[in-house]
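A single structure is presented below for examination.
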């Protein structure tokens, strides 16, 4: 009796709405980065040469935009691959999603930082730290979903284990690169 | 006869579309706040130390961003928990949603204000006032849905009552904190 | 034979995707307006009095924001009421939607204009002209949907006629106000 | 056995989520362009004449906004017409979508460039280059979907061929115009 009244009053978040919010934040984060691409000022408005030079001068901003766009796309795809196999959303799972969204919304800032100070060591630490924060969140999501049996029952346990190990590996690689880069005393 | 012609010409808003608009506004409000995080200017572009100091100097902006991001997430979750149990949308209910959306869209401004003037008493009044405005809106939504029988019939009345009382309590707590903070003569 | 091959290769736009795009543009337009609300600069960062005065000084920007937010909400609701009764989307109908979206995306600019030059006659002409452009688009949408039989067959013709007449009336009222305001020689 | 375990653990991206992301990016790109429309500064705040002159002075920005809005709408419609006939999404197909999204997100920058330097030859090269990049992406999408049999089986092969040829033609026309414009020695 109690059981059925519980199931009538839905307490969890609907899976499709979390999807909308997630995809919305990613769509905006991806498009926001373009705002940083500033149209330059020219002395001779008709000179293609001057415009080209001005744009090339901002070349690294463009590069950072493209790199970060593809990084965000990869983030989105990675999440997609896990989410499609989930059957329901628990509170832990929701909290991890908020974390993932906060990281994704923060990413355009990292992209701007990289565009402006590409050679600065702290910039790269922040950039890779953010990438690590995302991948680690995904890793936690897999663990939580496994523990709380949120995966579709039709999905075999070994597929989940393989997925989890792949993400653990990614996290370790990013972290190693990060630590190595941070403490190895090259340059300044 | 009249009844059936009425039901053919749908007069209410579709539940799923209000959901899209709602989730869209939240996704944008959450991501817009990052625009306020400005990349600092540096004298030595390669100095990690200078960049770190510049970012730390804006530490409270970051803190305000994180706090407001989680506040907006909580707003979204709270709405979700009620919306999932509604069966249809009335006009009153729609008006309350417009109110909730206006508050949510206004929230990034509060976050900027908090990031810039964290010690100012008016800032905190506006911030908490906005939080109160949202929770009060949710409370009205529950009342309206209860009166107009918009909840899923499978949901038991005592669950709704419990939910309503919980929100009433939240509103009273926020309001008390707000009034206490506003009139208690500490500092200036 | 030809008929069936035509129906297999879908040529029209999916109704749900046009909905996503529409709701997305509205969600963004509604939230973008808040970007114009600038956090003021203060001499004494802790003075609630100075902050209050600075915000009040921008009072008309806030007023314009609130007014335009509700105008956009109304635009969205009005569209909703028609769209929910459509069964499919024709090319004419799609073109009218592009028009409606262009008007909605332009609306934040009108809101900024109103916030900055509320007393300027041209501002109000542009503002009301935009409102008229939207309502006229909705009116055309009803006409086109009626001509091309896009409404759900269950909807009775008299309901559609009533709806159309209501919008025609709205258009005429807005246009009259607009013309009257534009040519009546008061003030300057 | 292996076959069924493969189908249980979904590896592809859900078609509807790619749709959300796509429509989200387009909605934002369309609305972002309006941010470039700056409210002018006036000496006499009440002078409709001065405001009109100031807005007319930015006439080409408005023109560029309108043109680019309709270009983006066309991009969206073109994609829609193909996507609605797809049955599933492969990895190649996903990669092409990321490309299309990157181009769409970049488009507001092109619009700003056109608004600011309409007479500059490089501006038009970038603008048309971006349009070409989008159409070429759509062309690749059709080829990939044809090769990997992603189209709905009910769609006849000759309809797909017709569609593909139409896009090939569009690509060739844009490319010819682009090359002709770039190398023909008129003006400077």
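Residue numbering begins at 1 within each chain, and the chains themselves are lettered A, B, C and D in the order written.
Everything that follows uses one rule, which is that a contact is a pair of C-beta atoms (placed from the backbone, for glycine too) under 8 Å apart; a residue touches a chain by one contact, two chains touch by 3 or more.
On a predicted model such as this, the values are computed, not experimentally measured, just so you know.
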item	value
Interface residue overlap between copies chain C and chain D, same or different (over half shared)	different
Farthest-lying chain, centroid of Cα atoms versus that of chain D	B
For chain A paired with chain C, centre-to-centre distance based on mean C-alpha positions, whole Å	34
Chain centre separation (chain B, chain C; CA means) in Å	24
Where chain B touches two or more other chains at once, by residue number	20, 24, 27-28, 32, 35
Partner chain B, residues of chain C touching it in the complex	19-20, 23-24, 26-28, 30-35, 37, 39, 42, 45-48, 51-52, 55, 66, 69-70, 73, 76-77, 80-81, 84-85, 152, 154-156, 159-160
Of all residues in chain B, those that touch chain C in their complex	5, 8-14, 17, 20-21, 24-25, 27-29, 32, 35, 94, 98, 101-102, 105-106, 108-109, 112-113, 116-117, 119-123, 125, 187-188
